[in-house]
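Both of the next two complexes hold chain A, though its partner changes from chain B to chain C.
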Partner chain A sequence: MDIDRPSDPQVSVVSSDGTMFHTTLKSILLSGTIKDMIEHIGEGGVENMGAIPLQNVDSKTLEIVIKWIEHHKDNIQPTSEEIKDKTADFIDPWDENFLEMDLDKLYNLITAANYLNIPQLLWLSTRKIAMLIKNRTPQEIRSLFNIEDDWTPQEIEAVQKENQWCEEK
Partner chain B sequence: MDKIKQYQDEFWMKILWYREFEETFEFVQSETPCLDYMPMEILIYIFSYLNPADMFSVMLTCKRFLEAIKYPKFNRNWILSFSERYASQFAIPLRIFTSTTCQRIIPAVAMHTAQVDNESSEEFWEYYGHNLKEIQFLSGLLRKEEFVNILKYTRNLVTVKIEANNMFKNWEIKRCGYDPLRRLNMQHVRNFSLARNNFLSPDIFEYLMMTVPHVTTIDLSNCLSIMNPPERNKFLDYVLIYLKENASRIKSLNFANTPTDDFFLDGLGRIENLKLRELHLTFMGSTKNNNFGIPILISSQDQLEKFDLTASPCANDLMVRMICNCMHNMKVLLLKKCHNVTDFSVRELHKLKNLKSLEISDCDYVTDTGIMEGVLYGKPNNKMTELRLGVMTNLSESVVLRMSYYYENLNVVDLGGASNAVTDHSIQMIFRHMKFLRFLNIESCCKVTDFGFTGVESEYSIRKHSIRNLKGLQVLRGNGLYKLTDFTLIDAFVFNELKELYFARCNFTYDGIAYLVKNCPSLEVLDLSECSKIDDDCVELIATKLPRLKTLKLNNCDEITEKSIEIISANCEDLRNLFIRNCKINFNPEDNLVYMRSLRKVVV
Partner chain C sequence: MKPKLDELPQEMLIEIFKNLTSTDLLSLSYSCRKFNHAINSCSDLMQKFTIFIIDSHKNVTFEPMRKYSKIFVSSDNLGDFLKIFEFIGDDLKEMTIRYSKIETIDLIKVFKICKNLKILNFHAVQLNTNVDDFNIDFPKLTLDEFYLLNLQDSTEFIFRILSNSQVKKLDMLGVFHHSHLLKNLLRSQKSLEVFKLHNQHDEFMLFDDDSLTDVEFQLKELKINNFDLYGPLLPFFRRFMEKHKETIEIFETNSNKTFNCLPSCTSLKIVNLPSTNFTNENIFPTVENLILQTGCIENWSRLFPNVKSVEITQSYMEISEALVEVANCSKVERLVINYGAVFTLNLPSLKILELKFIENFEICPIKDENLKILEEILVEKCEKIDWLFELLGKKNLKLKRLKIKRCQIDNEILSKNLGRIERLEIF
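Entry: the complex of A and B
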């Protein structure tokens, strides 16, 4: 079915807590999961489809996702294979600004991007976390992300001893 | 409409099913999201942005992170490297890697020494061996029995490297009767290296090759140099016989720095069914006969993707022109130190449309004309990622200017010693356009000043392009840029990814170093040799602020004293190599350094 029609029909999505959001077909197709679904519906289905329930995404997160996909609906999205050079630091200033959010929201965004299969958004949001981890000590990582230390001193020593013999290839 | 409804129902049924069985969906609605409760696949995705040093931090954070780091793809970046500790009498404690204590399995092992803890050795190989994909024997004499004994546990090896000069010196092959080598059969081995061996004989080669029946890559580089010519020829003749018998399987050969003659190359070129992907040669011989030796080889190998002719004094224009005309699949072409190659053939390099990497370093006769017409000509080739034009004093600024926008996406640029080409103006253009640089070599390009690096001409002028633009820079070689001052370090050096920095023979002082260690926390290799103003205070900064430092070079630094050694031994927990040659240190530095557990090599 040809989904690249000139008109851009309205589509509604419903979050897990029942809030309905309106967006356009072009935007929503950035999500691989929804694109797969719509492609299977068949001719003429899109207009009559009704709201798409997204039971794994809450309304706060869905609002953020929709903001992102609407901004990027006209950009060419790279496939996950194309997102190779992961250390590249050149991201759009809009995206940089967009990702200024607290960690809880960021976690939710990552899970939503993963579930909705939006490679570019997943790349951006996970990269953001990775940049926070970079150049930090284990203790700093723990306090930054509020992670409990479940190692015993003996175990830590064992891992450190092993690492002493490890080298980069 | 019903159809749609039906499909929707099916679709959501499927999602519900996923929710029950896939870990991914369990955490979506958890009350307080937390990084260590993220699904494993997402943790792996996040950690794949990190470099190995960051991964070491991550795995010590919590157990779940260690589980994520165990992901096989990450393990491929590491190797267990058993080299002797500095000034240590102890054998390498293999027992920490045996079943009861081992936390992590790394699928590659390099044996730099035979001095291992013999009691746990057997246990180690028994427990670890079947996980190994790669093994390297890099020095030390191993008896044949010991060798066989280790390899009988390593059934899944893909890569075997035996690169120890005199490993085979005392090996005797029993032609008649039983030989322990016959017990070995390494079915999975694809890459086999005998580089750096000077005691090879046809017998040993034959027996070793029998143990690796499916090999596709053979490395015989840096071999045979001290053998006498008749023996060497006998060996090479045997290699030809082997290659003839196995021609269809062999895809890559490496003879770099191994003396091969025209007769051998001719023989190689005439083997039917031999279609190599990769070939490394040091071409020494020369004949006037165009139908003999290397021309035959080049015309027969039209599938070649990587051709390394580094340091071939007899590689000439004729050969390079043949390469440009025959080998259309060529991706990597290395012509370093091929002194006979000139503009005449370099200008034809544009015929190779698939080139990814090109090196023409140190070819004295190549000038602007050749590079402009051969490399920077026509439609840019998008696949190119690496361009090395080192030690080319003939090149001028205009080549670098053109390169900077012609090949914007290069990752590796080597202009070391191209002292006329690299100026403030041309380096500014590099910083302006080439944002994806990972490796930059501008050693001894001493025309470069602070303005080139920072883009600041005077206090009141508008800032132009700073080296800060290269956000992903990992390696910077800037030895001998003596015009740079602290201003460059203070103003421009903010790199999250920078791992190796070489600034020997520069004039940096305490103030600059203070900013450097603060803004480049990933540094693992730092060379400040012959920097006359480096003193104990600078060393203290380096030792305390760069926790990841692995190699530190401070040769010929007159100001540093015993105090520096104390500071280094107290603070650098992961330092592996220390170079302090010709420093005015009076006492024996070993007194302090022997207690550093990580230290492998000290050059005094």
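Entry: the complex of A and C
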């Protein structure tokens, strides 16, 4: 099937909580997972296929993902391999603004981008969290991300001793 | 309830942590067990860590939970740390030793433990060797890369250890007055693919006979800088280059004499070549990829009639002069310019243009035939890229690929031009 046809038919997707969203084929093909599904349907399948169920993505997150893929539908996205060479010091201002959201939404977005196989969105959202971790002490990390300190004093001493070998004096 | 980062699956945590440095990873490992476990279980993350063998660590216990692949040694007491190598030796892939005086016997012990080393980096290493050390069985290593810098008096023994091993890439700087040893070493290196030699003051000894010519290595890249052969030795070097011309793809030199011995390679890198008057005999029809770096060859375009790709790096003469020469090469399809100021382009056959670290840029004069078949543009860290979209409009160009890396982009102008770009990559 030629999925790069010039016309851009409508495609429907359904979130895990049963909400249906409509978008274009060109946009949804940014998801490697859905692209694989569509390629397996065969010739002429897109027009006749029903809504695609996405059981691992809730409606709030799916709405965010669709906003992102529709904005980027005309840009051919880098592959997972190309992402490895990415430098982190320049981000498209639109994406920077798009990622201004609560942590719970960001966590859900990361999980969805991974499930839907959208490497660029996964990179942007994981990088966003990483930038929040950067240059923080362990206590600051625990406090910001609501993490319980589950180390025993003996265990943390062993980790500290090992980490000393990795810190250049 | 406040969301918890540690509830994300480990796979996702690793994706997040990949964006961080080893210092941040250490903070994460102190934060909670799950983060520590995620870091320790991922080899990509572990590659960010280096174990430091320095004297202040002498009394610190070491019972590693992680599998380290990189080690850095800067200590005159390597023998005191042998236990560390016993813990992690099997996993070590990369070792750097800097500014250290080492007992040869200890280095041999380390090599025997670390059988899987792939990259070795020796910088100002001094070996204390006893007569008995020569009777020890030297360990055999299979290295991908070996870097030697300022070895002073220890070259002889290091070469002896290495002559028992196989190396793919050998890069040497300032390893003085041991060319006869180096020649013996090279003769043992059947796997050598890349050989780089800088500032070897008695380099002529390498080519005082045909013994290297007959070595059956598959040399792909040869770099010999600050290397000047005097007359009687040139035939040996010329024969060496002819013998290996089938495999050598990249040759880098800054010497006129060695340049004249150029084999029929397809890629050539010229660095700091002094101004030379080449005769009509010096035509190199096989060269298709040419890299010019801070050098000066007058009228070089006639020397390379079939060049298809030209890369001009750093302040190669005046960039504008270089481009006049490029314009004379009618077959150039790809042009890469690293660092430069204002310049103009007149290249009718150009398909791929890559500009990196350019302060300013101007397409002038825009003749009808100029840049008409341009298919790909890559711009990286360039001050202004408005010209790019102006060019697309004026020439009515449709690019197969536009890659913009670390440049300020006017989103409005970009969105107006999206129809002209088949594949857009923004980094």
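We take it that the second predicted complex is superposed on the first by the 163 of 169 C-alpha atoms of A that agree within 3 Å, B and C clash if a C-alpha of one lies under 4 Å from a C-alpha of the other, contacts with A are read in each partner's own complex, and residues count from 1 in each chain.
One rule holds for everything that comes next: contacts are C-beta pairs under 8 Å (C-beta built on N, C-alpha and C of every residue); 3 or more make two chains touch, one makes a residue touch a chain.
On a predicted model such as this, the values are computed, not experimentally measured, just so you know.
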So, A:D92: does it touch chain B (first), chain C (second), both, or neither? second
Once the structures are superposed on A, label A:I147 by its partner contacts, choosing first (chain B), second (chain C), both or neither. both
Quick check for you: in the superposed arrangement, does A:M101 touch first (chain B), second (chain C), both or neither? neither
Does chain B (first) or chain C (second) touch A:A130, or do both, or does neither? both
Chain B versus chain C as contact partner of A:P53, first or second or both or neither: first
So, A:M20: does it touch chain B (first), chain C (second), both, or neither? neither
Touch test for A:D74: chain B only (first), chain C only (second), both, or neither? second
Footprint intersection on chain A (chain B / chain C) at 86-90, 103-104, 107, 110-111, 114, 122, 126-127, 129-131, 133-138, 141-142, 145-151, 155-156, 158-169
Residue numbers of chain B touching chain A in their complex, please. 1, 3-4, 7-8, 11-12, 15, 19, 24-25, 27-29, 32-36, 38-39, 41-42, 45-50, 52, 54, 56-63, 66, 76-82, 92, 96-97, 101-104, 106, 108, 110, 435-436, 438, 471-472, 496-497, 521-522, 547, 597-598
Can you tell me which positions in chain A touch chain B when the two form their complex? 16, 37, 40-42, 45, 48-49, 53, 55-58, 85-90, 103-104, 107-108, 110-111, 114-115, 122, 126-127, 129-131, 133-138, 141-142, 145-151, 155-156, 158-169
The chain C residues in contact with chain A across the complex are 2-9, 11-12, 15-20, 22-24, 26-36, 49-52, 54, 56-57, 60-66, 72, 84, 405-407, 409, 411, 418, 422-427
Using the touch definition from the top, list the residues of chain A that touch chain C in their complex. 74-76, 78, 82, 86-90, 92-94, 102-104, 107, 110-111, 114, 122, 126-127, 129-131, 133-138, 141-142, 145-151, 155-156, 158-169
